[in-house]
Each structure stands twice: as structure tokens, then as C-alpha cells.
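Naming follows writing order (A, B, C, D, E, F, G and H), and every chain is counted from residue 1.
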Amino acid sequence: MEEILKEKIKLLKEGKLSEEEFYKIIEHFPYKDIGDIKLDFHRKFRRGLPEVIYGSGKTTEQLRKIINKFEELSENVLITRINQEKAEELTGEFKSLKYYPKGNILTFDRDIKSSLEGKILVLTAGASDENVAEEAFLSAKYFGNIVEKEYDVGVACINRILDLREKLNDYSVLIVVAGMEGALPSVVAGLTSTPVIAVPTSVGYGANLGGIAALLSMLNSCAGGMSVVNIDNGFGAAFQATLINRKICGKG
Amino acid sequence: MEEILKEKIKLLKEGKLSEEEFYKIIEHFPYKDIGDIKLDFHRKFRRGLPEVIYGSGKTTEQLRKIINKFEELSENVLITRINQEKAEELTGEFKSLKYYPKGNILTFDRDIKSSLEGKILVLTAGASDENVAEEAFLSAKYFGNIVEKEYDVGVACINRILDLREKLNDYSVLIVVAGMEGALPSVVAGLTSTPVIAVPTSVGYGANLGGIAALLSMLNSCAGGMSVVNIDNGFGAAFQATLINRKICGKG
Amino acid sequence: MEEILKEKIKLLKEGKLSEEEFYKIIEHFPYKDIGDIKLDFHRKFRRGLPEVIYGSGKTTEQLRKIINKFEELSENVLITRINQEKAEELTGEFKSLKYYPKGNILTFDRDIKSSLEGKILVLTAGASDENVAEEAFLSAKYFGNIVEKEYDVGVACINRILDLREKLNDYSVLIVVAGMEGALPSVVAGLTSTPVIAVPTSVGYGANLGGIAALLSMLNSCAGGMSVVNIDNGFGAAFQATLINRKICGKG
Amino acid sequence: MEEILKEKIKLLKEGKLSEEEFYKIIEHFPYKDIGDIKLDFHRKFRRGLPEVIYGSGKTTEQLRKIINKFEELSENVLITRINQEKAEELTGEFKSLKYYPKGNILTFDRDIKSSLEGKILVLTAGASDENVAEEAFLSAKYFGNIVEKEYDVGVACINRILDLREKLNDYSVLIVVAGMEGALPSVVAGLTSTPVIAVPTSVGYGANLGGIAALLSMLNSCAGGMSVVNIDNGFGAAFQATLINRKICGKG
Amino acid sequence: MEEILKEKIKLLKEGKLSEEEFYKIIEHFPYKDIGDIKLDFHRKFRRGLPEVIYGSGKTTEQLRKIINKFEELSENVLITRINQEKAEELTGEFKSLKYYPKGNILTFDRDIKSSLEGKILVLTAGASDENVAEEAFLSAKYFGNIVEKEYDVGVACINRILDLREKLNDYSVLIVVAGMEGALPSVVAGLTSTPVIAVPTSVGYGANLGGIAALLSMLNSCAGGMSVVNIDNGFGAAFQATLINRKICGKG
Amino acid sequence: MEEILKEKIKLLKEGKLSEEEFYKIIEHFPYKDIGDIKLDFHRKFRRGLPEVIYGSGKTTEQLRKIINKFEELSENVLITRINQEKAEELTGEFKSLKYYPKGNILTFDRDIKSSLEGKILVLTAGASDENVAEEAFLSAKYFGNIVEKEYDVGVACINRILDLREKLNDYSVLIVVAGMEGALPSVVAGLTSTPVIAVPTSVGYGANLGGIAALLSMLNSCAGGMSVVNIDNGFGAAFQATLINRKICGKG
Amino acid sequence: MEEILKEKIKLLKEGKLSEEEFYKIIEHFPYKDIGDIKLDFHRKFRRGLPEVIYGSGKTTEQLRKIINKFEELSENVLITRINQEKAEELTGEFKSLKYYPKGNILTFDRDIKSSLEGKILVLTAGASDENVAEEAFLSAKYFGNIVEKEYDVGVACINRILDLREKLNDYSVLIVVAGMEGALPSVVAGLTSTPVIAVPTSVGYGANLGGIAALLSMLNSCAGGMSVVNIDNGFGAAFQATLINRKICGKG
Amino acid sequence: MEEILKEKIKLLKEGKLSEEEFYKIIEHFPYKDIGDIKLDFHRKFRRGLPEVIYGSGKTTEQLRKIINKFEELSENVLITRINQEKAEELTGEFKSLKYYPKGNILTFDRDIKSSLEGKILVLTAGASDENVAEEAFLSAKYFGNIVEKEYDVGVACINRILDLREKLNDYSVLIVVAGMEGALPSVVAGLTSTPVIAVPTSVGYGANLGGIAALLSMLNSCAGGMSVVNIDNGFGAAFQATLINRKICGKG
């Protein structure tokens, strides 16, 4: 962090950076206060990943303010958990935004080049887990990873996952998404030496308790080599997988 | 109660009661009242299985009374959930009793011939689930089934269960015992056309919640062909498996 | 399984099966990947029951894709937990589909002949449990069982179930559906030697906790001869009952 | 209340009550402070029932202080939830005390005449529920009721309760004690026009959750004519039953 | 069923059946089967209270069928937990029905004379508990009780309940309705010798857990003389209060 | 009630009652009964704070009645938890009312002068917690406090709260509002000698359990100097903070 | 760390550092690392209260190390949640220590002068809540407050608390300790303008859920002017009460 | 199994099997069956980590059998969750074993050289979390990692963790262990680009719910870059950290 900063100061002194440019860089050190919202632009330096906006509890008005600020700074933005209705209102206003209904994600419509060589694989137990998996898939891509997917390979038909056995070790991280009894991550972890990030989903009913059953199942796995994020938290899995992949690629 | 029965038998002998009428009477003939405890000897007629005593909440004194009554009637007895201490006190008094510390079961020490051809298989996920599995194993034997076992075949090392794949269809019922994440029954059910009785165990810690995690996992299984009994209820699984096996063997 | 396959190969060699026909059979060994969804057509061979689709979390688009594939293969399909709205959209497109609003089930509109002699009886405690019971009833019929029903026979008026006492032993399996306090399965199990599959429903309010009260009640039954499926899981009960009935009928 | 007091004042004025006697009566109006403990002697006037001591959380020292005060006032005392060890220490000191190990109750060893004509019946589902039932039985007797009992009449063998059917209407209140699935109160309530006080017990294991399963079962009963007290609260059931019986007997 | 009854009546008329014998027959004579719904008309004889319909899980079609049957038999009907929409559809069809939006109750619009002298008082802690209280109030009136009410007397302003202190003993039963912390029933019970039926409501938010907080509070009351029904179960409280009041009035 | 008060006032005026005696009378003088609702106007004397109306469970009709009464008495009113729809209906009728959509609060549109010198600071962890924070902010202002705010200073970017470190000791009370993992209050409490009132919010999803996660986190804080109110209970925090601030300002 | 401090002191003495500058340095000067334990001696400056040791999870060895360090620094120490056995071992070694079995607290045996004029009152609902109350009482005294107590004044006999009504406003803070239904704090808060810190206790059984019932009750209080600490957390209540009292006394 | 392997080796040597073919065979070569326990020796090949034994539910007899087998194979062994008593019995028999009471771990007493360059840091919030942290520390060392520790750096005194800020990025993985409110992992994750494995502990009481509070806190963290294992599962964290570190070191 300090290197970057020192370099910028050097560039400033050498006249290679205008005062205005320099100001733009440091003015958000550590965060930008835009009135009741404080954007953590500095996270890019501190944690290697850009700021991400949790869309769920925010009003369209708050989001508009945030998007404006990002646009002004020519920064890309990732807004998660944003429903169709709000998304459409915003894509109507900001033509440069793109909405992914599977995954409930909104970003600027830009090509993102993978900056990391290590690959991440996203797996789901059932077809109904797709939404959460897409949140993970899109977020991981946004963070610069190469991401692949294998959906609907749950344990009720064990051959589906056994057929993937050979290649599981080729990835930096496996993100395994499952609802209902949440058994898939345990089986996957038992087959490989790649770390598994398990994502329980709220898919199911009754004693599923909104995903608690799958969550508990994953926390109690006896397979080892697996850790867990919140129910439906595809984004969180992607974040953690990215930090691991960055370390593996020598960038963490 | 006995007077009534004797009178009916007399009437039957004298031809004043048809056989059919007599059968109807004894079919719903109830229980033996031994003072604050009512033994359901009639269950043998009504449900095909002898009375079983839940030992856990009972005092040694209550159990002594019950065992005496069974001995007097030359009936075998199955007492479940009885700890070492109480068991030793009773085996000290009743020399004909035998205690099985794995399984926490007390019966008269008699040979039980299997009266049913169909076989039951008891599987466990881990070596720590043995106690519950033995409760199921011993109870099912007591009820006249042929019972086999395959322990410690959990999903963390999937080959262990895949190796049994071929023979799973040869049984009338599979009793699958698992603690922690409780994933084994789902995987087993997905491999076979034999009905699975899943038994969650309280083996585990933390978010296992005394077996609730395994229980929820099993209830939410997407495999199908599986139903669940209470946590640690090896006996209940054996009871249900016996009723099924009896039907299969044409005796239900 | 191998017998079937060997027979098919023999038929192929003898020219009684075209290469194309043969290909169609094996191409789904073990499952059919139709892009993010993997259909387990092989289950028919492995488990004796055809693939079933859990409709709840799926989009109309996903379901359309699945139905097309089944239609193409001339296979019947059972889609559970599908609401009126989605069902109407699909029955609008696929004229051969039929929707059962009680039971929330969608299948092709075909006569299903019962292929099993053993009978299954579906009972409910209250009239409000009908939806779940119909899911069980329709699924069990779809799987080839003879199915009968006795609804609204809960314990608040005990004569209703006592009146059925005589005939309970005549069935292979009893599916007992109950919400609120969920006491009916315990009482039924106590009256018969037929295995009971208990289905808790979410009917009730307050301390019912969305069916948890009934579920716990059933898991803690002291009657024996009873096992439990997830809350509102009529389909799961039918699946398990079918496996048992198939074994009883010598087809498991 | 006022009548009693006015009468006492009249008696005092008329010389039929000594000043000392009068003082003893009013000095505990409303409660007696004996240092960090405040005894509600006044409850007898206000609620018709004498003060009762919850023994569980109290030290032997606190109980000694309380018993002394009651003895000094020639009042009987009911101490509930007192274990064998503490009880023995106290009965060693106070020879006039008597301990009931079933029921875990300590009182002065006196004959209690039933002051109420209406009868209360205590029923249990299983023999293991006896301890809680005895707490109810002994407390109800202490409060002056005629109390009868019928233990071990649970629904697993329904004839046991059906045999009591005829007489259930003869009581003022039925106290129905049950653990595990807690179905008995529902069945009993459905058979009678006598109000049922349901007492869930912690008898059971696993998904019983220390009595929560039985409690929820009772709260969700669809039978009507039933209300519930805390798990294992035999005393509370007796208290409520007494108030009802007193009203029925015209003394409430 | 009707044939049997007609025959018995004929026998009675012909003197071949004594009145006593006849009474025994009809006393346990059960229910009316109207196709998947079994109406317990007999409850009036068995339990002293007419059949009541739980409206919540039933379709308009099911309710129509039920109302027709009651109308045909000139019996009044009480349908609880029926929402505005369904109620309006039915009152549109059946002009003789009346809907009470507070209380969500539907009955035939008839004068109900109180057949019992004893009085019941319904109290609420807050104005928001009114709906549940009205369910209790209207049901208790329907069952023939004299019912009074005192609403919004919660403990946050203790004077409101202390002002009622004097008259609390004048009732047969107190129904005390409270949400949030549910403290009112404890305070009321401590003030009186009248039995309290406590009704927790789901009024509140957050850690209220849909009424669980109030329910637990009531179950753990240290006041004594109080028993509890399900959350929001105003009807259940009225049912229990009626059975008690009937006993008090010598009609139970 | 009013007669009594008038008479007392007359006596006061005539000098037959000392001011002190008069104060004692009105100090415990209770509430206003407006038919099923009892307004605690007296709270202003007893507790130092005016009556507040919990809007959530009340109908528009009930609220209209209440507002009328307050208007008639020229008292300001604070109605909390009132949604947009109801609020608009009421502001349509009562032109003097003002609705605050953030905070869901309705009051008469009047200037409120802060009557207390001590200041309260409201902090939030995230921008999504704003609604609850505004409920606290507006209520605290209504009660006469000087209130400031610092929103979106959660621990994910710790500098945001560390930057406020210096000034935290300048307030009488800190109200710290946080959802999700609810860690902010612990960190804040560890930095200051000002008491913290922690407000968990229901912001989050999955294992957040509607705010339970944040609530438990706050209750288990090892920081000390912190106490907790119900989930989303911004009003409750303001009430408690006001009592503390009043004491600090010598007005409690 | 110490070198730095010594140097700063030297600079201060030499006048090269202003007193203000020096204060700023030590104000954020942190903790003492004694090997795997880091003592927060600085808290005295930062938060106004000395370091306190949570004894529960610590070994005697760890505690010995800590006590030695405090003794060496001539600082008093407060160790909470330390059981009799550990305490006796330590008081055996450190003659200057004193153990309070009620309250489970260990300190050096020194006179503590109250340094604050404002008073704190500790109340309990029942005599069984004494242990928790004593933890609060002793901790609050240790922190320099004047502390009084009123135990066993629960709502079952409302007069006990009404009798204290007059004096409740005389305190800075009320700490109200209650188990079972936890209703006392609500009633107390409704009577006074003094802030209430509510402490739920685990006193109770069954549906008490180890104090959860009382906790929920307190969190849902509709009285206002009350905030809550963890179950049995007498110390936490004392800490919060002290911060408030210090502010009131102008020392916060 | 061994026969098969020997034969394959023979074929390999004879050149009838290519090296590649041979590798494929042993790669999926499974486990060692020692009678009711099946040791997964093959895991070393499949997952890069040796077999580990969960000691908690196993009898001394089972453990003896396992240790014998490992000794025979000259393999080291890691037995977790083994209490003092069992450990002493075993170290008495097997002189080559060493027990670590902090961490409850038993291994052969051998030097383990770190085979991985990347470092893991174990942090705890409090001194009471040491046991769980040591389980992680010792396990991670056993698996060949370089492991360091920083204990007792919880958020109540934030400087303790801020002082470590600079070096957090130097590790491959951070294992952050915390009980009570479990806030430390969130704060740590917010400060670094190193992935955090969060371990909730059961340290705490009351609303801690045996560690559930800390677990929920961690699952709901808004910091990102963090995933969670079961309560007290230090071993599981070490396992996952090892897999990550191996990937980083190019050995996964």
C-alpha cells in the first residue's frame, strides 16, 4: 500500500501526475463520505478487491447516488441482491449498467479480463440452486478469476459428481452450492485436495427452515477441507475464493 | 381381565361362542395392569411384535416388577436405554438376564431364531455411531429378523459405500445410522431400490445441536425412498424395519 | 439392471432393436445433461421409479426444457410443487399435460395402470391437510400403486379412526398426514401391524411453527412402527411407500 | 377479603380476639419480610391458597429460615422441587417434616382433610411420567382436593384410555401428564366435557428437546377444552385445577 | 349410519330398547361423513359444545359444503379464522350468515341467549390485541356464556389493572390476552382466586418471534392459577373457559 | 376521574390542600379511557415522557380516535411503526400531522425545542440500517434531546469508527444500530466511557434469522458498558437514552 | 512499550512535551502482554473502569499469572464467574484475596470507598435470583457506586413492588434481576423515570430454556426505559449502570 | 485388497502395466478395514493429508486397535478430542504417544518438519479460547505448516488487533478463534487481503447458546473474505487452512 502511495507522490513531484489527479487518488483515503453513506474505495488497496454494494436494504435513491459516484470516478461497480424492479429503474437511467436476473447482480456493462490464472469451479446440487450459484459465478468473474461451472450434480444420483472426480484437483477453489440436505459439499470435499467453500441455499421447505438444515449439515461435515458462508451467500463465497486464488497466483 | 378371558374360553369350548366371535374378543383384548404400569401383552396379537420396555425413565424398582411379570409369563423381554449401573443391579438379581453394553439393551439370555427370511442391513457412517446401531441390530434380531451390519462407511471416503453398492438391493430394509452432517442415508438411498430407514445420532458437537443437524439433513434429503426416526432411536428403526420385513415375508 | 441391459444387447444383435432405438436407451446412462440440468433417466433402472421433477424452485423456462425432453423420449413426467400460475402457462403450451390443483402436481394426461397388487391407504387428520394428502395420493398412483384414502379422521373425535381399525392391516403401507399436534399417526400406529409413514403438515398457526410441532410429535411417537418424512412432503411419503410396496409385491 | 378483615376487626372489638392474635393476622398483610425473602402469607386471603415455596434454586440455609417461620406460625408448608439430598438434611433437622421422593415434595407430616367435594383425576401417558404426576397429585391433595390417579394409559395402546371413557365426566378437572409426543391430552379432551390441564414432561430424548415436543403438541391440540402449563410443572397444574375446583365447589 | 340410528329408534319406540340403552347408543354415536370431511355433530352430546369449523386451511368450496349441511340441519355454525375475502364470498351466497371482521368469525346471524349464569371476563394488555380477544369474546358468547371485556390494561401503566382488582373474583374464568412480553396474565393471576386462561398473541416484532416470547413468558409464570393456550388462540381459550364455566354452573 | 381532579383543584385553590398533597394525588393519577383504548397521559408526570402510540397493530379507525383525543388536549403525539399507506390516509385527514417515511413516524408538525443539554449520538453500521436509526433519531428529538448522527461506520472498514474515537466521550449516550453480525456496538463500547444502547436490526438474510444473529452478538459482547433493546427497536433505544440523559441533565 | 513510555515521561519532565501532548499519548496507550494473555490496564484511562477478569474459561494457572501481575502493580482485581473450588485453591495461595460464594466473585480483600454520589438499586423477582444479583451488587460496589438492594419483590405478589414505588425515582439506575417469566423489569420500568437495566436469569425449568424465556420477555417489554444484558450477566449490568452513574455524577 | 495390489505391482514390474495405468489404480485405492472401523490410509494420496481420528465418541478399546494399526504401518497418527483420562490410559500403554492437554490431542511423539513455506497465523479473541486455538495450532503443525500464534487480541480493546495490522498480509491464511459475540474475525477480515477461517467457540454463557451466537455472528459478517467452520472446530480450520496453504505452496 505504502509503495503505491510513495510512487504516486514521486510521480506528482516529477510532474507526471497533476495535482488534480493526485487529489482524486488520495481523496478517498480511506473512504468517501457521500452523506450517510461511506464508500470504501480504499479497499482496493487494502484488500485487493474493489468496493461492492449490498443492494438489498437500499432505496433506489441511495443506489443512484452511489452509482453516480462510481461513474464519476470511472470505477466499475458490483451491486448484489438487487431485484428486477429496482434494477430496471436504474438501467433505465444509467444506460451503461447491465442487469443479470439470474444472480440478481448489477454492474457496468464492461469486459472484465481475468487477471488471475488459477481457476474456480462453481458446482450446484440442484437446478433450483442456480440463482445463488450465478451470484457466485458473476462475482468471481468480476473479481478477475477464471470461473467455470457444473450445475445439478447432487448426491441423489452420485454418478454425476463421480464423473467430475478427475478434474476437481485442477482448481484453486471449489464453490459448492446446495440446498435441502446440503450433502454435496461433504462428498466433494472427500474426493479432492482442493479447498471447498460451501454455500447453503434456502432451496427447500418445511424442516429445511429457510436453509438452516443445509447450513448445519455443512458445518458438521466430517470430510474436512471445507468452510462455510451464510445461506444464499454466493457473493461471500466468491469473495473468499478470490482471496485464496489471489494468494495462489502470488497476488494476495 | 383374566376371569373374562377364562369365561370366554369356556363359552367357546361349550360351543356358545363361534371361533370367529372368540377371535374378535381376544384380538382387542388389552393390557395387564400391574399397578401404575400397564403392560401391553396384547401387542403381540395386535401388532405382531412383543411388548418392549423403555428403560430410561424407570426406576430399578419399576423394572424389577416388570421383569418378574414377564418371567412369570415365560415371555422374553426387551428393555432398551438401560445404563450399565441399573443393568448390573438387575442382572445380579435375575441370573437369566443378559446385558449388552453396546446398545444398552437388557433381555433374557435366550437364543432367538430368525422367523423371517428377509434380511435387514444396518449401516453406520462412523465408528462413533456404533451404540445406536447396536440398539437397532439387537432389537431387530430380537424381533426375529436376519440382520447384518456394515459400520463406518461414511461419505468422507465415498469408496466405502460404493463398494457395497451391488448388494444393497438384496435386503428388505436398510437402516442407515449417521451423526454429524448425516449425509450417508441420502447417498445410500440414491443407490438402491431398497427402502431406507434413516437414524440420526447425537454424535458430533457444536452446531450439531445434539443430533438436530443430522436429523434435519435426513428430513430434507432429495434422494427419496427414505424416512426418518428420532435421534438415536435405533430401536424405533428396528421396529419399523420389522413391520416392513414382516409384510415382505407375508407375515404382516 | 445388468439383466435389462444384456437383454437389450441381445435384442439388438438379433435385430429386434434398431441401433437408433438402442442408442436412445443407453444414451441416458446414467443421466441426461440438457445444459445446467441433468435428468436422471437411469433411475428407472437403478431404483425402480422414474425421474420426478421438483417444480418449486424452477423457472418456467427450465420446466419447458425438461418437459420437451420427456415428451421427446415418450416418457411420462411427474412435476411436483408447481403453482397454478406456472402450471397454466405450461398446460397452455403443452396440451398433453394435466394439472391437479389439489396436490399441485403436473403430469402428462395418461391412464396409469396399477402395476402393484399391494394397496396403500392415505389418511388425514383434518380437511385442511388435503393438499398434502393429494400430493401423496397422486404420486403413489403415478408410481403404479393401488391407492385409497380416508380423510378427516383426526383424534379430536376418536371414533372416526376406531371405525377404520379393522381394515388397517389390509394395506402394505399407511400414509398418515396430520398438522397441528400431529397425534394421528401415533394412534394409528398403535392399532395396526402395517408400517406407518407419517407426514407432518404446516397446517396450524402460532406454536405450530410451520409444522415443526407436528413433526416433533411424530418423531417422538412412543407407538413404534412409524417413520417420518419432511413437513408437507406428500411426495416423499409416496416414494417411500412405493419402495416398500414394491418389495412386498416382489418387485423391489 | 375485606369481609374477613372486617370480621376480624369486629371480633377484636368484641374482645373475641386478643390484640396479639389480631396482630399475628395482620402483621403479614400483605407479606412477611424475613431478610432477602418475602413470604406471601397473605395469599391465603387473596387467592384462597397458602404460600408455596419453590425449592429448586434455594440454599438449605434459605429453606431453613423459611421452614422456621412457617413452624413458628403453625402454618403447613409445601416445598416443591427439592432434591433428596437437601430434603434429607432438612428432615434431619425438622422431625415434623416429611419428604416424598416421587414428586420431590417436602411438607409438614400432617393429615390434610379434603375441603372440596369436587374430584380431580391425574392421568399419565407412561410409567416414566410418574414423578411429575406425583408432584401434581400431592400438591392437589395439599390444597384440599379429592384426588385420584390413573397412570400409564398412553395412546400407543388406545384401549387403556378408552376403558376410562365413561368416568372422565365425573371429575371437576383432569390433569393429563405426558412426555414424548404428548398426544394423550388431545385424545382425552376429545372424549369428555371435563376441562383438561395438560402437563408436558421432559421424558424422552433427541427431538424431544427436553419436553418442547410434548409442549408444542399440547399447545396445538385441535381437540379444544384443554390448556397447558410449563414442562414438568405438576405443581402448576394442581394450582390451576384447585382454583377451578374451588369455583365449582362454590368456594372460589 | 342413518339406517342404524333409524332402526334403533324403531326398537326404542317398540319398547325393545330401554331409554337408557338408547341413550348409550347415541352418546357415542359419531360423526357425519360428507365426503372427505367428517362433521362431529355428536360433540354436542359428548362434550357439551357444538361442532366448530376451523376456516383457515379450507377452500370456499369446502366451507360451502359444510354450511349447507349445517343449514339443512338447522344447526348454528361457528367458523373461525376466516378472512374478509372468503367471508364476503360466503355471505354473498348465504344471506343468513354474519361476518365479524374483528375476530374473523362467521356464524348464522341469530340471537344467542346465554345459557350459563357464570360470567367470563376477557382482558387485553394492548389495543393491538383486540382481534384475538374478539375471537375469544364472540366464541364464548356463541357457547352460551355471559361475557364482558376490559381491553388495553397492560402492565406498562399498572394502575389500569389495579383498578379492576376488586371485581376479578366475580368471574368464573378470566381470559387474559397479551402480546409482546406477555406479562399481564402473571400480574392478573397474582391478584385473584379466579382461574386465568392466558392467550399469547403474535403482536410485536423482532425478538417477539411471532408470539413465542409472550407464550414462554406465560408458561413460566410464577404466579400460579394460570394455564395457557396456543398463540392467537382466542377460540381455544373460550372453549376451555366454557367447559369450566359449565362445570361451575352445574352443567358440565 | 375528571370530577375527582376538579374537586381536588378546587380544594387546592381554597387552600384546603397543600401543593405537596396535590402533587402526590396527581402523580399517581392514571389514564384516559377512550373506549377499548386507555391513554396514559399521566406518564408525563410519572416517567417524564409523554404517551407514545405503537402504530403497528392498530387500525386507521383506532388511530383516528387517538389523534383526535390528543388534538383536543393540545398534546403532541408520537406514533411509531406506521406504514406509508395508513400515514397518508391520516395526513390527508389531519393537516397538522407530518409523516417521516424514513423512521415510519407520524407526529404533529411542530418545532420541538431540545429541553436537555446532554447530547445523544446515533450511529449505524450500514446504510441499510437507516430506517431503524431514524426511528431512534426522531424519537429522541421528540423527547427533547439534542441528537446527532453518524451513519455507515461499520467494522468492515474500521477506520470509519476509529476516526470518531475522539468525540465519543462527549455524549451522554450512544445509540449504536447494526444488523448482520452486529459487531459495531462491541467495538464502540470498547473505545469509550459513554454508555452504549445497542439496537440490533433485521437487516441481513439467511443465518441472520431476522436480526437474531445481531441481537445475540450484542447480548454476548465482552466489551461491557452496553445494554440491548429489541430488534429494530429504535424507539426503545431513544426512550432509554432519554431517561439516562434526563438524569445526567438533572431532570430525571 | 515501557521504554517508549519512560522516554515520553523524560520529555515531559524536561518540558519538551506539554502535559496535553503527554496525556494524548498515554490515553491511547494499550495493554500489558503477559504471554498469551493481554491485560487491558489502560482501560482505566480509556473507559473509567479498571480491568476485570472473566474467570469461567480460565485455568488456575492462568489466573495465578494474572493475580501475580495485579499484585505486583498494587492494582485491585475483580475476577467473576469463579467457582468455589478454583477460588479456594487461589485464596489458599494468595492470602490477600477474598471470595464471595454468593456472586462467585474473587477480589483482593480491601475496603472500597464509593467514589460516586449517585445510588444504584438492585432488585430481584425471587429469592433464587440472589446469586446473579450479588454479582451485580458486588461488582457495582467494586466500581465505586453506592449500592442498595431489595430482593424477592416479584409480580406474583404485586404489593411488594408497589410498596417501593415512592423511592424508585431516587436512584441513578435500577438493576432488575428476574428469572422465570421475567415480568418484574417491565412493571418496575412502568412505575418510574429511572432507567432500568434488566438482567434475565436462568432460574426456572422447562420452557424457561435456560433463561431465554425471561430474556425474550424483557426484550419485548412495552414499558420503555429499559435495556437488557445477557442471561445471568449481573456483572454486565453493573458495568453499564456504573457508566451511567458516572455520567450522572459528572465523571463519565 | 493386498493381493490385488501385489499382483498389480508384479504386472508393473513385468512391464505389462504402464506407470500411468498403475498410478490410476492406486490413486483410487481405498481404505483399510479393521473390523467395524475402516481406516482411510488412502487419503494421503487422494487429499494430500493423512488420516485423522476423531477421538470423542470412541472407546479406549477402539482407539487401541487404531493406534496399533498405525504403529504397525509406521504412520504417525493424530487423534483429536480425546480427554485426559482416555489419553493417560493410552500413553500408559503406548510409550511413543504424546498428549497435549491444551488442544486435547494425542500423537506419536515425533518431530514434524514443516513441509510448506507458507505460514498460518492463529489468533484468539480471549484467553479462554486457548483450547480450541491449540487444537488448530497443533493440527496445522502436524500437517506440515509453519504456524504462529497471537492470542487474546479481542475487540474490547481494539488496539491489540490494530497493532498486528501490518503483518496480517504476510500469511497464507488466518485462523481467527472467538467465542462470546465472535466479532474478531469480522474486524480482522476487514484489515487484510489474507483469507480468514473463522472458528466460533462455545466460550460464554446464557444467550451464547453454546457458541451459536458467535457462529451466527461470523456467518453474517459483512466484511467478506471469511468462511466459517463448526463451533470449537479448531481441527477443521487447520485442515482447510492446510489445503489452501498447500495450493499456495504449489503442492495441492
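The working rule: a residue touches a chain if its C-beta (ideal position, glycine included) is under 8 Å from a C-beta of that chain, and two chains touch if they have at least 3 such contacts.
Note that the structure is predicted; figures quoted are calculated from it, not measured.
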Chain C and chain B - chains in contact with each: A, D
Chain pair equivalent in interface to B-C, over half of contacts matched, among A-H, C-E or G-H: A-H
Chain of greatest Cα-centre distance to chain E: H
Centre-to-centre distance between chain F and chain E (centres being mean Cα positions), rounded to whole Å: 38
Centroid spacing, where centroids are CA-atom means, of chain C and chain D in whole angstrom: 50
Centroid spacing, where centroids are CA-atom means, of chain A and chain E in whole angstrom: 54
Residues within chain G bordering two or more other chains: 54, 126, 156-157, 190-191, 206-208, 212, 215, 219-220, 222, 224, 230-231
Pairwise chain contacts, counting only pairs that touch as defined: A-B, A-C, A-F, A-H, B-C, B-D, B-H, C-D, C-E, D-E, D-G, E-F, E-G, F-G, F-H, G-H
Residues of chain G that touch chain F when the two form their complex: 46-49, 52, 54, 169, 172, 190-195, 197, 215, 219-220, 222, 224-231, 235-237, 239-240, 243-244, 246-248, 252
Of all residues in chain D, those that touch chain C in their complex: 125-126, 154-158, 162, 180-183, 186-187, 189-191, 204, 206-209, 212-214, 216-224
Contacting residues of chain A [partner chain C, same complex]: 126-130, 149, 151-153, 156-157, 159-160, 179, 203, 205-208
Contact set on chain D toward chain G in their complex: 30-31, 36-38, 40, 42-43, 54, 56-58, 62, 81, 200, 202, 210-212, 215, 230-233
